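Worksheet for the structure shown next.
Labels run A, B, C and D following the written order; every chain starts at residue 1.
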Amino acid sequence: MKSIKVIIAGPRGRMGREAVMLAANTEHFELAAVVDYKFDGKQINEIQGFQLPIEVPVFGNLESCLQHIKADVLIDLTTPEVGMHHTKTALQYNVRPVVGTTGFSKNDLEELERICTEKEIGCIIAPNFAIGAVLMMKFSQMAAKYFQDIEIIELHHDQKLDAPSGTAVKTAEMIAEVREAKKQGHQNEKETITGARGADFDGMHIHSVRLPGLVAHQQVLFGSDGQTLTIRHDSYNRASFMSGVKVAVETVMNLKTFVYGLENILE
Amino acid sequence: MKSIKVIIAGPRGRMGREAVMLAANTEHFELAAVVDYKFDGKQINEIQGFQLPIEVPVFGNLESCLQHIKADVLIDLTTPEVGMHHTKTALQYNVRPVVGTTGFSKNDLEELERICTEKEIGCIIAPNFAIGAVLMMKFSQMAAKYFQDIEIIELHHDQKLDAPSGTAVKTAEMIAEVREAKKQGHQNEKETITGARGADFDGMHIHSVRLPGLVAHQQVLFGSDGQTLTIRHDSYNRASFMSGVKVAVETVMNLKTFVYGLENILE
Amino acid sequence: MKSIKVIIAGPRGRMGREAVMLAANTEHFELAAVVDYKFDGKQINEIQGFQLPIEVPVFGNLESCLQHIKADVLIDLTTPEVGMHHTKTALQYNVRPVVGTTGFSKNDLEELERICTEKEIGCIIAPNFAIGAVLMMKFSQMAAKYFQDIEIIELHHDQKLDAPSGTAVKTAEMIAEVREAKKQGHQNEKETITGARGADFDGMHIHSVRLPGLVAHQQVLFGSDGQTLTIRHDSYNRASFMSGVKVAVETVMNLKTFVYGLENILE
Amino acid sequence: MKSIKVIIAGPRGRMGREAVMLAANTEHFELAAVVDYKFDGKQINEIQGFQLPIEVPVFGNLESCLQHIKADVLIDLTTPEVGMHHTKTALQYNVRPVVGTTGFSKNDLEELERICTEKEIGCIIAPNFAIGAVLMMKFSQMAAKYFQDIEIIELHHDQKLDAPSGTAVKTAEMIAEVREAKKQGHQNEKETITGARGADFDGMHIHSVRLPGLVAHQQVLFGSDGQTLTIRHDSYNRASFMSGVKVAVETVMNLKTFVYGLENILE
């Protein structure tokens, strides 16, 4: 397989650091350059925490990087503020974007889709790169066609502020697309302590567990006569995102369209 | 081992039927008689659903049974209305009661304790005979000394009316006896959908899952830095109560006091 | 929706009894007749254990049944010996077969496929009608494209003779179709007690747990950097098969081809 | 509460580093000194990786440390080679040892027990400081009195060499102390693929799962008629050991005897 030449924007963030390691350690990937406004003109090993066996140039902005470096894919792990600009710039240079930043508006997505269609070039934007989590959501949506009764339990460390988690809500939304709303449980069911039956989302119930020690976990339970089906994802650390980035980089090379959401490239 | 002679009151109920099978099939148990007001003077096999290889006399009330039959233990699986009367009557005849009915008042329990102490005779009253469930509660109380952060998830079939389940509340009560009240989770934690964080019991959280297919399940989760401990009980059918009845019958023979709760005879 | 007229062959078996209840209790199903060689000429309520509110004729063999009764679907839950004959006979009468018996040879399946294609009529043969189990296998095959490291744990009651279970082997086979064989675990891994690492199937590991109390359960675990994905099916009783039979009956009405395996009609 | 003055031997190891953080961050603990042969005469912050807000002296050996520093407890996290020497030396200076090193012989343990009894001073040696794991083993031993059928599933990352894990074997040993040996499963049970039923330990079965992504997990399953009980421990990182060290330091202050194994100080 020919090497895929990769540029990484945002190498100092947590995911950025993992992505640099991924690009450096994957046989058919080649880390061509990184973009970091604080280290323009340096080599990557001058950024604290990196000790690669190779020299990789750092550019202060994406435009100058693309003018000097020929690449196949831009992995963008920056911020919502620059994500849209980076994505469009890459497409302009016929470099395929794989983007992990969030915050794209509906208009942004439509514009990107139009550009990709015109230029017949691939682009993947994914709010969640953890393949296991994405498969959990995809399978849950599929199972919901056959099981109308569904409860979601998500479990996180006790420093998490919001309940339910974003992934739990996203899962429920994906299920709601294919499931008729249904009030679950006995019709005369009664909470003797408020909140026992969890959050109600379109008739489904979501339960948020918070405990020190936990990292990020979710299970989706489906019940029908005499059986239950459970789909569970456990995320132990940020390395879990990298297999998804790898699949996205490999897939975007063969795409001629715009794709939003990793679930749409997993078969 | 010498056989333990057993009388069973309430043989037609679900637990009663299981208890009859237990007494008939356990090598060192001997089913001496059953008490059932509807079948006075009959043999047990005349009651619908029984086909024992032996003949066991049925008495219409406990007094006449005890006047005619010498026994070691009365297993009472009747109703709250007659439970107290049966227990006292058995003690009067020096027959040790093993009682699964609920509804005893504080006064009742004190009176029974006094009688047992005076007569130096054993008596066990247990609201829950499922040894696994009782151990789950006992272990949870023990673990709570070392883990202050605790969440309970109980899962039942969707025909259950109350949430949380009685066992979940009992578990939380037993934990609260040994744990200082503590508000769990992040202090600025926020529910974006009401109920997500479950029921609050003394700072612990209880989550009630209801799905067709499920039977009766509970797990208690304990978290601290870098680790979690989980204790789970799954009850699949009513046979689960019988091992507890068996242990209670064997134990009551060696007791000279009154015991309330199976957890107090499990070491 | 127009009612689907159903004939059931094998009404006295465990699955047959459940299927009769299903056909009688589903609004758009109509139980037109049953086939049972022991009760030719009777009504269904003359067979022990049935108390339907309707009269349903019993035929001693399928041919005479099909000559007298107009039906849409034959649900065949008999034995391998008569399964093939019943399936062909039904097709001859343009009645669509939904077949739960096993033991079809490769030749049998090819012959049935040819007949269905010629007559442009649907037929479904499914060795496993538990939708949850079939989805577990299907999802496992899908996940195996992204997770090369896989272990299967199946858990059954301790009266089961064979280990691993048929479902575990079928799951491993379906995964092996899409996964390159890979020896898992550390290359210098060592069993200090023989068997600890379970059964080896194409590099995957299968573990068989047997305990009293358990019914039929399986979980498939997938691991990669920093994450695991788990798919679990719990079967508590035979009612779990009926949702699959229902989906098959509904689907076969719109099919013009032969389908082997429920997984191929679940989208 | 008066502060407990602590000396830590072996501060550079993984557990040693965590213990230094524990002693520095626990309100009623005071880190009096550390022992590290490589950094004699330095301050702790001169050892790579430490940035404490306080200055803590480093001694090249325990004797000189104890001659200069008055302390209550020695936390020894060194190696089997020096563990015994350190423990005896501390006792000689009336400093209570809390020891995490392994490799003590039966003679060593007897000698230490004799010294502690004579001097009426506490000493705790614990091969495993993860309270959750120790409770899992303790509860398993207790449950085994009521459930004769037991299977252990331990799950670890795929770089682990030995199967089963040391904790799984220790758990089985503790269970075997109270359980009569029993061949589990159906008496005619048959493995169609070798190893499916796992490792046999006194009739119990142990299954070792190895997957990338996993850290260190174990569940012990107990089954009897109609019910199962499951006790599970998940260890996500080394911080999990520290709550056990903390409990041991607090407990050893009130002990006048020698204790081997954390399970013997957890009530």
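In the analysis below, a contact is a pair of C-beta atoms (placed from the backbone, for glycine too) under 8 Å apart; a residue touches a chain by one contact, two chains touch by 3 or more.
Molecules present, by chain and UniProt name: A, B, C, D = 4-hydroxy-tetrahydrodipicolinate reductase.
These numbers come from a predicted model, not from an experiment.
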Centroid comparison with subunit D (C-alpha atoms), farthest chain: C
Residue-number overlap at the subunit B/subunit C interface, same or different (half cut): same
Inter-chain centre distance, subunit B versus subunit C - centres from mean C-alpha coordinates, in Å: 39
Euclidean distance of C-alpha centroids - subunit A vs subunit B, Å: 49
Whole-Å gap between the CA centroids of subunit B and subunit D: 36
For subunit B, residues contacting two or more additional chains: 213-214, 222, 224-228, 234, 236, 240
Touch list for subunit D against partner subunit A, complex: 213-215, 234, 236, 240
Contact set on subunit B toward subunit D in their complex: 130-133, 135-136, 139, 142-143, 145-147, 219, 222, 224-243, 247, 266-267
Sites on subunit D touched by subunit C in the complex: 149-151, 153, 155, 158-164, 169, 184-186, 188-201, 205-214, 221-228
